[in-house]
Amino acid sequence: MSENVSSSSKRTNFLGLIKRIYRSVIGWGWKYSLWPIHFVTGCCCPEFMQVAGPRYDMERFGMLPMAGARQADVMVIIGVLTRKMAKRVKMLWEQMPEPKFSVAIGACPIGKGPFYDSYSVVRADEIIPIDVYIPGCPPRPETMLQGFMLLQKKVQKKLMEGI
Amino acid sequence: MYTLNEIIGSLTKFIGNLWQFIFQMCMSLAPVLFIPGLTFILLFVTVVIWFERKYLAHAMLRMGPVYAGRVFGWLQCIADFLKILTKEIIVPSDADKTLYYLAPILLPIVDGLAIAFIPVAPDWVIFRGFGYGLPLFLAIVSLGPLCPLIAGWAANNKYTVIGSLRAAYMCIAAEIPLLLSAAGIAILAGSFDLVDIVEAQSKMWFIIPGFLGALVFFIGILAEAERTPFDISVAEQEIVFGWRTEYSGILFMLTMMAEYISLLAWELLFITLFLGGYKGPVIFGSPFISNIAWVLIKLGILTAIIILLRTVFPRFRLDQAIKIGWRYLIPLAIANIYIAIIIKLFFPFVV
Amino acid sequence: MKEEVEKELVEAIKSKFPDVIEEAEVLRSKRISVTVKVDKILEVARFIRDELGFDYPISAGAVDYIKEKQFQVIYYLLSSKKKVVLMLRVNIPRDRPIAPSLTPVWSAMDFHERETWEMFGITFKGHPNLTRLLLPEDWEGGYPLRKDFKLSSKEGS
Amino acid sequence: MSEEPSKRVMRISWGPQHPMSGQIRILVDTDGERVLNIIPDLGFTHRAIEKILENRNVVQGVVPVERMVMVDTANNALAYVRAVEELLGIEPPKRAQYIRVIICEVCRILSHLYGFGLGAESGGGYPAVFLWSTADREPFLDLMERITGTRWSYSFFVPGGVYRDFPDKIKDKFLKTLSYFEKRLETYRRAWFENKIFEARAKNVGVLKPEDAIRLGAAGPSLRSSGVSLDVRKNEPYEAYDEIDFKVVTLPEGDSYARLFARYLEMVESVKIIRQAIENMPSGPYRKSVSPFKRLPKGEAYARVEAARGELGVHIISDGGFKPYRVKITSPTLRNLYVLSQLPKISDILLADLPVIMYSFDPWYLDADR
């Protein structure tokens, strides 16, 4: 009886080990291959461009902006999100294949920022679930890079645990 | 009555024969599995994508991938591969499902099959094609541009349709000069067999008598393999990803791989036709290894040049590219044929 | 003395349309303001474009004078030769906000009149395509730039 | 928006998610590769800045106005601040005017770098130039950070002057950066404007004749590259521009190449302006204090400024309260987008040309949407 239990637990352990190895490998791959969608919603885009540019270079982390929604993994909401744009953001979010993650950059998608009393601005988390918030108006490039590193950690952890 | 000895003897003979058979089988499979075959293709794709990203990044004063794999981001492609394997595949609801799946699977297979005709060493060819390696290669590779057309139509998206139509225009404009300049080489070598063509270049590489043909062929390669400045069918700034727009997950990866596999196939043909194929002085001891090494060296240099072009050239417009194809490349290729005939008739000592 | 060109322009308008012009003045150097009656605005606009050379349309907007119960539509025009800005104003009653469109005169007023229409609810008669420009397609909140439109609370919803 | 015109015509929705669209949706009617009609669908970044400005006092108002164009914040803020100053009847001190000129011209360089970088990216996918242009913005951003405290949104201009003094210590660094930048400009010309493929793609594409440019109301470099010399800095000199020697860039061609090249030439002029402003900057006070808790006098003021994308106007109407009664912003991009929408009617456009033409106008949709 006790032997049976131990052997079955061994087997599950072995399976579990393989599963763990598989998941950690996949998680590692995801960590270094987060492709943000090539999509700009608002006015933080020049700073985002500087992050993609030579001094800060987002591609060091394997982040390569993708032209289409079908190939992207990360929805990056860059700057103010208006009602009209929010519809499109939701549409694109639904077009992206699973698993997918999202980042909100700037004060406006987090809490409407300087347009707090505008009738046409909405918060990002009213539209799609947000994984990482990066505050600032616009955020400094270092802040953005730290946000992306946080996202990397979160993605790796999520995939290690299994989605 | 057989004695035990005889039985054992015949058995050993049989086993020996079997072993030899298996060994030969393995040896004949080796090209498929290793050098111009699967392993080589996959390695080429991984290395070239990594190299291209790194090279482009440095041209833009950036670093490119750094952190995946610690040193120069050399594991970047593996990470991308692992990620894209686990991505969801989305098929648009209005798409023609069979064709939608078929096109990206067919495309790398077609280009991969064509590589089978390329000799990497005098007797190291997967399939010699009954002495008609060159026309067979061209015939099989010409199936390739059909796939974008299928894919673009099947995905049922306006951008994919535009992209696939552009791909079709481009391949017509590029393939005729390619065929013509290859014909010039066949005349020079007096054979359609790729091994014979390589052997005919022992005195002189065909790039010297067939310089015009080489130029046309090189530009044709850029157009066929959708490289800058002719990457019109996947022009990101105009039509998102062209005919690839709707593909996600592993299907997208297959289309990306297919681009590089077709580049590899055309480059190998270019090396075989113009750059003396596996010919070269023996440098690594055994002639076999040095043959393969020469192919790899030539391939590396050619690939580096093609990637370099991407950093210095913007993209042509469709009508300009087609104009180049019809107005300049085809006359040049025809001139090349005449030059080849003249050389064959009056200067036979050259080849 | 410094504003000779501007004064000349104002005089030209005034003498041409003595009974149509409600008000015409030089605000400061390079700024003229002309207020016109609604029904003759097209004629005045053609005169301003052809005779006075205000050929460069800058923009159009409106102001909601809720106490006076009227809208003031303002067209911003520039003379590319004389480099003077003219503000062509027209007052229309708030309860019947209809004004003739100036797109036949300056076709570039297209977008600006569309914007004014959706922001104030001023209908421009004769406009080729009076549809939404900036607001969402399914907007049903009224006319945002009118003074009786209140912005949401300070907290942000 | 409206239904598809006919079977032969394909209507493509371009944006708001498209690698080259930005925050706009453009409906393009195409017959094969030929563009028949361009219908811009704006408003994806409409934040109601004009309405918000009615709810802010004049010092707070600078913040939303700056967010209209993030790469060109100083010129936007300047237009608003100048309108307020005209309303209050104050003139900033001479030193403040010079500081304003310097910061505005740096912003013009930042913006034009963006504009012609994107033009390079759109003119056949040449990302190298685009990324070089982001790299060359960094030294200027560092200088701006040293002067104003932030990289992009300075909120540095206040009614009555500037917020802080210009640190004289960094004059040398400024001049060094300028000479470095002049070298880089030479590189851009050789790498990009003399590139044969780019010339083939952008020359004679989307030609805008001078009379059309005036009639349709093109703004800024897009207007001046059609041969029309309209520049607020010259026609109606504000701040210290009347004491500075510079020339208005005009090009006769009016095609996409000229529009992008005009931006390049304006950067060359901007470098000269900054040099002169730094050398001639007088000493003295940099701000006249203006209380934000003061009623605005009743009246109106319409201030015009030559922003990077063209003439930008802010018309403030006050009824004597703390806050402006109505603020009307006349933005250049909205006018340029109208020109873009009318362009298929006056010249032949192919679908592949559309990104080049769009980005030759250097549109900033947040500016058009407000």
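Labels A, B, C and D are assigned to the chains in the order they are written; within every chain, residues are numbered from 1.
One rule holds for everything that comes next: a residue touches a chain if its C-beta (ideal position, glycine included) is under 8 Å from a C-beta of that chain, and two chains touch if they have at least 3 such contacts.
In this text, all values refer to a predicted model and were calculated from it rather than measured experimentally.
Q: What chains, if any, are shared contacts of chain A and chain B?
A: D
Q: Would you mind checking which chain's C-alpha centre is most distant from the centre of chain A?
A: Checked the centroid distances; the maximum from chain A is C.
Q: On a C-alpha centroid basis, what's the spacing between chain C and chain D, in Å?
A: Between these chains, centre-to-centre, one finds 24 Å.
Q: How far is the middle of chain B from the middle of chain C, if each middle is the mean of its Cα atoms, in Å?
A: The answer is 64 Å.
Q: Could you tell me the distance, in whole angstrom, between the mean C-alpha positions of chain B and chain D?
A: From the centre of chain B to the centre of chain D is 47 Å.
Q: Any idea how many Å lie between the Cα centroids of chain A and chain D?
A: 32
Q: Touching two or more other chains, which residues of chain B qualify?
A: 60-62, 236, 240
Q: Which residues does chain A have that touch at least 2 chains other than itself?
A: Residues 53-54, 67, 82, 84, 117-120.
Q: Quick check on chain C: which residues sit in contact with 2+ other chains?
A: Within chain C, residues 135-136, 144, 151 contact more than one other chain.
Q: For this structure, enumerate the chain pairs that meet the touch criterion.
A: A-B, A-C, A-D, B-D, C-D
Q: Would you mind writing out the residues of chain D in touch with chain C in their complex?
A: 1, 42-43, 46, 48, 50-52, 55, 86, 214-217, 228, 230, 235-236, 300, 302, 304, 311, 313, 315, 317, 325-326, 328, 330-331, 334-335, 337-339, 342, 369-370
Q: Spell out the part of chain D that touches chain B in their complex, as residue ranges.
A: Listed in rising order, the residues of chain D that touch chain B are 10, 12, 18-20, 33, 120-128, 131-132, 135, 195, 197-198, 200-201, 350-355.
Q: Give every residue of chain D touching chain A within the complex, in rising order.
A: Interface residues on chain D, with respect to chain A: 16-19, 22-23, 43-49, 51-52, 55, 63-64, 67-71, 110, 114, 131-132, 134-135, 137-138, 141, 151-153, 366.
Q: If you look only at chain C, which of its residues touch chain A in the complex?
A: 135-137, 139, 141, 144, 151-156
Q: Please name which positions on chain A make contact with chain D in the complex.
A: Residue positions touching the partner: 37-47, 49-50, 52-55, 67, 69, 80, 82, 84-85, 88, 92, 114-115, 117-121, 137-138, 140.
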